[in-house]
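Once you scroll down, you'll see the structures, which are given as structure tokens.
Next come two complexes built around chain A: one with chain B, the other with chain C.
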Partner chain A sequence: MNAKSMVTILAVTYGFLGILPLFLGDSSIYMRILTMILIWSVVASCWDLIMGYAGIFSFGQVAFYVIGAYSSAILSVSLNVTPIVSIFMAGTITAIIGVIIGLPCLKLAGPYIALVTFAFQLALEPFLKGPLGKAIGSGGSRGIISVPPIHIFGMDFSSSELVPYFYLTLVLTLICSAVIVVILKSHWGTAFLALKDSEDFAASLGVSAFKYKLLVFAVTSFITGLFGALYVHYVGILSTRMLSMEVFTVLLIMIVVGGIGQYPGVVLGAVVTVTMNELLRPMGIYRLLIMGGMVVVIVLLLPDGVTGLIRKFSVFRMTKKRTEQLKHRNETHESSP
Partner chain B sequence: MFIEIIEVIISGLLNGSVYALMAIGLALVYGVTKAFNFAYGSFYTMGGYFAWTLLVSLGIKGGYYTVFLTAIPFLFVVGYFLEKILISPLRKRSDWQMKAMMLTLGLSLFLDIGYISVFGPRLKSLPDIVEGTLTIGPFVFMNQDVVIFILSITGLLFFAWVLNNTRVGMAVQAVAQNPIGAQIVGIPKDRVFAATFAISTIMVGIGGILLSQKNFVNPQASTGIMIKAWVITAFGGMGSIKGSLYAALIIGMLEAFVGYYLGMIHIEIAVLTLLLITLAFRPQGLMGRE
Partner chain C sequence: MLKAINITKKFGALAAVDDLSFEVEEGQVFGIAGPNGAGKSTLYNLITGFYKYEGKIEFDGQNITGLPTHKIARLGISRTFQIPQIFESLTVEESVNLGGRFGSSGKYDSGYCDEMISFASLEQERSDKTDLLNLLGKKRLMIAAAMATKPKILMVDEPMAGLNALEIKQMTNLIKKINQDLNITVIIIEHFMKVLTELANPILVIENGSEICTGTPEEITSNPEVIACYLGDTHDA
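Right, the complex of A and B next:
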């Protein structure tokens, strides 16, 4: 997809989401959903960047999100750091941890990376609940209860001020999406494309797979940690429940619905998935059953997600238009002599 | 002190033998089909629920003999058709490995939640396979543990025999070495893929029956088992069967010692640390080939 249509799709989607609070600003339920759409769309975009473009099978995205959330919460509760500073510190901490995880991982073959990063997520829960986690202030299995809201320019951004918080998130979302588009369209993106097509050939031309992959790992874990931190100052409470399979699967569905490696697609995927997740909430346990079944069905029937569907449709329309043009030209040719 | 250490070693061996049964199934399926099966742990739970349905819910005659005799064909059919319907259509695409991972993750959630909605969220207990204890010198063994150990070792030996001495086993090995070459000499590759998947389902399902009658049938156990089997396979070297066997015993030991001396909560962290250190020095695992 070229940069122009990428930016257009992003601008239309986020612009539409940005207008909605004018009509829905009074309803706290809708505002919550809108905010969560923004947060998840960025986290899922980062995952798409790692998995779909850089080709790293990283399954540690939820873990980085939770690390960001915990870092910021611990910094602001235990060390009294102002939330707006602690958010960026949390992003940096997550990026450092991401690089530490990435260093051994990136030397491994694909499925090993998936395994190590997923095992990392599973080991995070006992770590945070255990004595080691308590020592750094994770609050054990009780979690952290009173995380202070973000406070800038004499304004509070928290769950009681939904509309300002939404716009704060929107600003950060736009900045991060711009960063992602720039990465994809810079020589990084080209390098990824080259590495994906033929790693050996790209390496022979001097493209260092390791360097680019480590950089993308650092950037995406920074953004993911940042949004994890943003989330925790919004809800105000934090526990290890964020590490459950449910959160992981919901994130996975966003990518599956949007299409892997089809960048703005994943943003549409986030919009669809978060909305559907909320609509299905009254169904109780069957919601997860439907979500799990949906992953299976979509992967089988729509391998490129919604983006693939749209593309197929537009290609179909284009070929139809083209055949009509050709037909028309032939007719004029025949009639002219 | 000395007796304690011996007891910990024995419990490590016991864990290790069942882990070996499950991890080797996974090593086989990865080595042959290159599909990364994230729903592996759900088949473990499926084994447990199958036994529970037969023994407790339906109360059939013959106890565990009937369970094992019916479980093997049941798990084979489940595995075979899941591969045919879900995994093999994906193979046409170049990025099918990633798609297979995502699909099996979805499948695992679907199955786990499916168990909860059919059987309820509570743990189910199975009757003991045998009762009583066995005393040798200063050591006291549960008969149950002895049977688990013997059955999983028998299972492993039987599996090794099938792989090395039957036509099916040789076909599986041929496909693992060179899928295209195997196809040229007339081995039905797709059917071998499905059969391998089915065999691995049987191995983990039997492991599930064996361990569930000792612990409980728990719908939330799947993820832990899946990750354990994967860690063992990666530690031993993806696709290397011998490596998985050693890795299973080492991880079983490590768990027993860490659980005994440091507490159960540290097990997962210790296992992951061991895996990370091993992979940092040997990216292909203990016995894996480059």
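Right, the complex of A and C next:
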């Protein structure tokens, strides 16, 4: 997708979400849902960047989100760092841990990267609950209560101030989305795709796999950690329950619904998935079952998610025509002596 | 210009390249021949830093042994692959620009990348996704992207494999032009003796990873050992 279509889809989607508080601002339920759409859209975007573009099957994204949350909570509670500073420090800490996790992944093939990164997520819970976690201020299995809200311009941004918090999140969402678009459309983005498609050829053309793979780990874990931190100052409490499989599953559904490697499809995926998830809440235990069924249907019918659907019907007709022209040309060429 | 000194690469017990030495001089089209499994592609993988090996390779007097692949590319050695490698997610233009952006030691020169696209006759396909290209197109694209790095040596691995007679002629002309018009040293691995003897001089023949002989096309085609091991059991010539 070209930069212009990316920016258009992002502007329309986030613009639409951005005006909704004017109508729904009084409803705390709707405001919470809108806020979570923003947060999950960014976290899922990062996952799409590393998995869909760089082709690195990192399953550690939820762990990075939780590390960001814990880092900022510990910094603000134990060390009295003001939250607007601690969220960025948390992003930086998460980026450093992301690079450390990325290092062993450089030498591993796809499925093994998924295993290593997922094992990392599994190890995080006992770490945070155990004596080591307690020593750094994780609060053990009780977690951390009374994480202070973000306080800037003489205002509190927290779950008791839903509309201001939503707009603060929106600002950071827009900044991070812009960063993602710039990365994807710069030579970094091209290098990610080239390394995914053929690491050997890319390397022989001068692309350093080492540098660009670690770069994608750094960028995605920074943003993911930042949003984990942003979230913790919103809810005010934190425990290892955040590491649940459900978060992991729902994020994955967003990417599949949006289309893997079809940014900003994943943003639409987040809107659809969070909304569905809320609508299906009365269904109780059948909710995840229905969501799962939805994923199967989408994977089978729409391998490129909703982005593929949009593409089928509109702007991309031209490209398709050209594809057919070319196929025709190649066929006639191949049949000639 | 490129000098291999007693290089050996073992995969387990198998020595794919076995104590091989040779020297490529500037301006040559240096041919490499040998039966399947002789170690030709492995030799390319050693030169371009994909594997560790015993021995030493020098390029322009500099020891490049142990350097990572992307650094060797920036020093001026670029290559294509026997099994076409393309970037399915990128267009032709993006793929060639990638070479120009990352592989050349100087500043990124988009004009030169454009020239390489036309040089490889890919003008019409410039904005197409690369998986739309046919086999010849893919091979041309690998060459165009490799050339965009402004190499001093271009190494091609079985560029004629799978092509028909007309396409072989076009590919032969492209390689000739790279050597003669752009003055770039070429190393070519080729199974088709007829093509190789037309293009390359000298030619190095290897079998089981070691040298059988090196010589002019006339010398190697009349060498009884070469005929026995290579021409004897294949009828490509």
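Just so we're on the same page, the second predicted complex is superposed on the first by the 314 of 337 C-alpha atoms of A that agree within 3 Å, B and C clash if a C-alpha of one lies under 4 Å from a C-alpha of the other, contacts with A are read in each partner's own complex, and residues count from 1 in each chain.
The rule we apply is simple: a contact is a pair of C-beta atoms (placed from the backbone, for glycine too) under 8 Å apart; a residue touches a chain by one contact, two chains touch by 3 or more.
Everything quoted here is computed from the prediction, not taken from an experiment.
**Q** After the superposition on A, what does A:T190 contact: first (chain B), second (chain C), both or neither?
**A** In the superposition, A:T190 contacts chain C only.
**Q** Is the number of chain A residues in contact higher for chain B or for chain C?
**A** Touching more residues of chain A than the other partner does is B.
**Q** Is A:L214 touching the first partner chain B, the second partner chain C, both, or neither of them?
**A** A:L214 sits against neither chain B nor chain C.
**Q** Regarding the shared-chain residue A:L251, is it in contact with chain B (first), chain C (second), both, or neither?
**A** After superposition on chain A, A:L251 lies in contact with neither partner.
**Q** For A:F127, select first, second, both or neither according to whether it touches chain B, chain C, the two together, or no partner.
**A** first
**Q** Of the partners chain B and chain C, which touch A:G206 in the superposed model: first, second, both, neither?
**A** A:G206: touches chain C, not chain B.
**Q** If we overlay the two complexes on their shared chain A, which of chain B and chain C does A:K107 touch? Say first, second, both or neither.
**A** In the superposition, A:K107 contacts chain B only.
**Q** Check the residue A:L172 against both partner chains and state whether it touches chain B (first), chain C (second), both, or neither.
**A** It touches nothing on chain B or chain C.
**Q** Which chain A residues come up in both lists, the one for chain B and the one for chain C?
**A** 261
**Q** Residue numbers of chain A touching chain C in their complex, please.
**A** For chain A paired with chain C, touching residues are 187, 190-191, 193-194, 196-198, 200-210, 261, 322-323, 326-327, 330, 333-334, 337.
**Q** Where on chain B is chain A touching in the complex?
**A** Interface residues on the chain B side: 30, 36, 86, 89-90, 93, 95, 97-99, 101-103, 105-114, 116-117, 223-224, 227, 230-231, 234, 238, 265-266, 268-269, 271-272, 275-276, 279-280, 283-284.
**Q** Tell me, which parts of chain A touch chain B in their complex?
**A** That would be residues 51, 57, 104, 107-112, 114-116, 118-120, 122-123, 126-127, 129-130, 245, 249, 252-253, 255-256, 260-261, 285-286, 288-289, 291-296, 299-300, 303 of chain A.
**Q** Over in the complex, which chain C residues touch chain A? Could you list them?
**A** Checking each residue of chain C against chain A gives 48, 50, 68-70, 73-74, 78-79, 81, 85-90, 94-95, 97-99, 101-104, 125, 128, 132, 134, 142, 145-146, 148-149, 164-166.
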